[in-house]
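First chain A sits with chain B, and in the next complex the same chain sits with chain C.
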Partner chain A sequence: MPKLEVRGLTKRFGGILALEDVSFDVEEGEIVGLIGPNGAGKTTVLNCISRFVPPDHGAIAYGQRQILRLARHDVVKAGIARTFQQAELFKTMTVLDNLLIGLHTEGQLGGIASRFSVPARWRTERRRHLRAAEVIEFLGLRDVQHQVASSLPFGLQKRVDVARALASTPRLILLDEPASGLSHEEVDELRQLIVSMRNDLKVTVLLVEHHMGLVMAASDRVVVLDFGRTIAEGTPQQVQADRKVIEAYLGEERPAV
Partner chain B sequence: MREFAQLLIAGLSTGAIYASLALALVLIYQSTEVVNFAQGEMAMFSTFIAWELIDKGMPFWAAFALTLALAFFGGVTIERVLIRPVEKASVLTIVIVTVGLLLIFNNLAGGIWGFQLKTFPSPFPSGTWQVSGVVISQQSVGVFGVALLLMALLAVFFRFTALGLAMRATAMNREPAELMGIHTTWMLALGWGLAAVVGATAGVLVAPIVFLDPNMMQGLLLFAFAGATLGGFESPGGAVLGGLLVGVAQAMIGNYVSFIGTDLSLTVAMAIIVLVLVFKPTGLFGQAAARRV
Partner chain C sequence: MGGIWQRARVSSLAWLGAALLLIIVPPWMAGGYRIFQFTFVVIYLIAILGLNIVTGYNGQFSLGHGAFYAVGAYVTGALMYHAGTPYWATIPLAGLTAGLVGFLFAIPALRLSGLYLALATLALAISVPQILKKWESVTGGVQGLVLTKPHSPIGALTSDQWLFYFTAVVALVLYIAAWVVLRSSVGRAFVAIRDNEVAAEAAGIPIARFKTLAFGMSAFYAGIAGSLSAFVVAYVAPDSFDFLLSLNLVVGMVVGGTGTIIGPALGAVFIEFLPSYSQDISRAAPGVVEGVVLVVFMYLMPTGVAGFLATAGRKALSLVRGRTVNHGAAGAVPPTLADQEPRAGPGEGG
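Let's look at the complex of A and B:
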């Protein structure tokens, strides 16, 4: 059972300590919310896991694998996919092509023979298209699959971003503020989607989010960061009642004069 | 009317060469945002290799195929060895590197093969066809056909293969592409390789017409720049169309505007570049770059 273990993650950007000794685990099959005020370092954690940013200290293990030893393009092969705050789609391509790119590593494990044999390539192409069709179905994108990504409203673009990440059949998905820019109804759909990813697709979820309603409703466990440090960890109820969390969000309580 | 048709055909034929070179420029610009000033000289150098192979007795098409293969590896190697190290440097640094490459290839070719003009064999028959009074040279049809075939193959490659898709993804949005498991650095090198192949094709096709010498591509590269600017540096299809348009415009203006003739045709190319940059800087098919800051 692969488990994500983040240990002692520290990252300094110039004079700013973005992460200071951040440690937490995500068990297989969990939905873990990672929250914190703006600038708390949430996205930096995701960027470390997906190898966009090299941390100064610390270790990230996923199952037997040391993530920090992987190249960026090998993270997906370890079974980890992610989405982006701004969707970051391949804008002038169709939704289907975006998903096919998400399936880039599918069928690459066949070795030399599959690279040079034409029938093997066709089979791979066919598998990719079948898998893309599955994901399109799962996310209800069938009507827009042949549309150019940038022509879609932002909410749908974010859904395509999720689809692209799911296409690679990850075991762990990192969602970077999936609710930002979404309407009220869309956030509710998103919550159902996240739960269904875990229940139906057996994908573990690490959710970075500002939308407290979503985090508290969807997560099994919540990790709270403030100024780059873990200040609380627990069930949504525990975290909501935690004094340090309330202070971080509302400002420190001052003694009455 | 007959004259017009004649000019149109001649224009499309030279335009196909501009289009190939413009496409080579765009292939590199799209993925790495580098304007490769050495594109023409790389093509010239490849053409000299083809000439050498033919001179040693190799049949034309075999020499052509081998030249394209060598050009591909040359392009990939240049990216890996010379461009990669300065990839993150300022635009100016990269421009200087490509201008340096231009000089290196020019002098290398001069040093190896000399600066005097050489004839280059044409693979096409020198005859003509007459279609209702319009004289069509088989040479120009051949040039047009080969250039277009190559561009069509590239279009199919980019549209329908997983590798083509991965290259487009890399050019469009590199970081997510990398996260999808694409080796983006190799995709960029592959882009240089393909651009070198397209450029080499242009060189081999044009060499029988303009003769072979180390400076043969310099004027052509300007027309290719005009074509790429006209079509939009962000759009391969646009660059091809732009190149064809520039070829036709050059033929028409050279003929109908008597004071321009052939002597001032480079001025036409420069005028096109300036006018496009003033009135529609993104070209006909380019999209304005929008960047978050």
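Let's look at the complex of A and C:
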């Protein structure tokens, strides 16, 4: 049962302390929301886990693996996939090809022999196509699968980004503000999608998000960051009632003297 | 799924047929010098094909492919001149040496991108001819190396005709190889890196490995082109590989259609024949004619000739379909055509 354990994560950008001793866990099968006001360090946490940003201190373990020892391109092989705030698609490629790139690591476990054997490569390519078709079906992208990614509206591009991450059959998915730029209806679809990812695909979800409604409705547990520190952790109800969280979002109350 | 494969097979058979026709016919259309020019179209085609891999598909700008071309030419030249190696036997070694140089160059170049990478490759293009001049014992210095022109092993063919067929077959093999690689997961990874490096890495693509691979493969092609040029001209000299060669390859790639599979063939015709036709139009200032033609091409075909043909073909097809079968979805691109389109948006690479 792999469990994501983040311990004592600290990151300084120049003079700004982006993360200060952040620790939390994500259990297998959970949907955990990571929230906080702008600049609280949410995306930095996600970038540390996906190895885009090296933390100054701290450790990240996923099951038996020390994530911080992995190269950036090996994170996905460890079973952790991510999405991006701005979708970050391969813009000249079709939706299908975007997903096939998401499946790049598929079939690479067979060692050297499978790399140079042409039939093995064909079989791998065939498996990639089958898996891509599954994910396309799951996310309802069939009608647009042969369209060039950059020609799609932003909401669909974000869906393709999620599809590309899911294509790699991850056990843990890191969603970086999946609701930003989406319409009201799209956010509702997204909520159903996140829940269905966990329930039907058995993918653990770490959700970095601004949209409170989405986080509170979808998450089992919520971790709240403010100025790079963890200020609260608990169920959506607990967190919503937490004084420190309310202060962080609404501004500090003056101490009654 | 099956339909796509069948269509792909039919269209690739058609391409192969067209290619064979283009190989068989030209030497019988004209004599001596024309055949020599056709042979150079084929040689440039190979070099541009290589450049297109690294710049068009992988997005790493190279202004220095003349250097890899020169390396290939000199490996062949030196082997033929000093060791008496038969011309055909030098080709693989020339390609591999150039490929190795490209691969090694790509390692430090990984830290550079865009204009800085262009400048680094420019430095390579400028320095290689000078290094060749200095290393006199092997390269013959400024004088170069005079080689013996290969004879035709078939009595019915002149030496020029034979060399055309020989280079054309080499080109066909390399073309098919490039086509296979670029359509595989490797080619997809090249394009992914060009489109979005961050996302490519997050998807598990080791960027450094694929960038150096693209550079090495690309230089291998340029080296083979250089090798062929050495014995076709029967002479190698440093001044044949000046910066203008590198620049011409870039022009050919862009005019033909960056990041497309047929672009290099079209671009090669362009860079081989434009200078001589410009001479015909104006003996005094052929450069001006070349410049004007180039600007007109860029203006009329911003996605290269290949992109232009694809768009024109699509329009013609939808016109025909619109008249005969009036489907509900008017103007929609038929999926059959979308499947066969070059996957990389021409003109957007580099």
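One rule holds for everything that comes next: the second predicted complex is superposed on the first by the 254 of 257 C-alpha atoms of A that agree within 3 Å, B and C clash if a C-alpha of one lies under 4 Å from a C-alpha of the other, contacts with A are read in each partner's own complex, and residues count from 1 in each chain.
Heads up, the rule we're going with is that a contact is a pair of C-beta atoms (placed from the backbone, for glycine too) under 8 Å apart; a residue touches a chain by one contact, two chains touch by 3 or more.
Just so it is clear, the structure is predicted and the values come from calculations on it, not from any experiment.
In the three-chain model built by superposing on chain A, chain B clashes with chain C. Within the superposed three-chain model, A:K77 lies in touch with chain B and with chain C [touch as defined at top].
Look at A:F90: by the touch rule set out above, it reaches both chain B and chain C. Judged by the touch definition given at the top, the superposed model places A:H104 against both chain B and chain C.
When the two complexes are overlaid on their common chain A, residue A:V148 makes contact with chain C while staying clear of chain B. According to the touch criterion, the shared surface of chain A, contacted by chain B in one complex and chain C in the other, consists of residues 50, 52, 72-77, 81-82, 84, 88-93, 97, 100-102, 104-105, 124-125, 128, 164, 168. Considering their complex, residues 50, 52, 71-77, 81-82, 84, 88-94, 97, 100-102, 104-105, 121, 124-125, 128-129, 146, 148, 164, 168 of chain A touch chain C. Across the interface of their complex, chain B is touched by residues 50, 52, 72-77, 81-82, 84, 86, 88-93, 97, 100-102, 104-105, 108, 124-125, 128, 164, 168 of chain A. Residues 162, 165-166, 168-169, 172-173, 175-184, 292 of chain B touch chain A in their complex.
By the touch rule above, chain C contacts chain A in their complex via residues 1, 184-185, 188-189, 191-192, 195-196, 198-207, 259, 335, 338-339, 343-345, 348-349.
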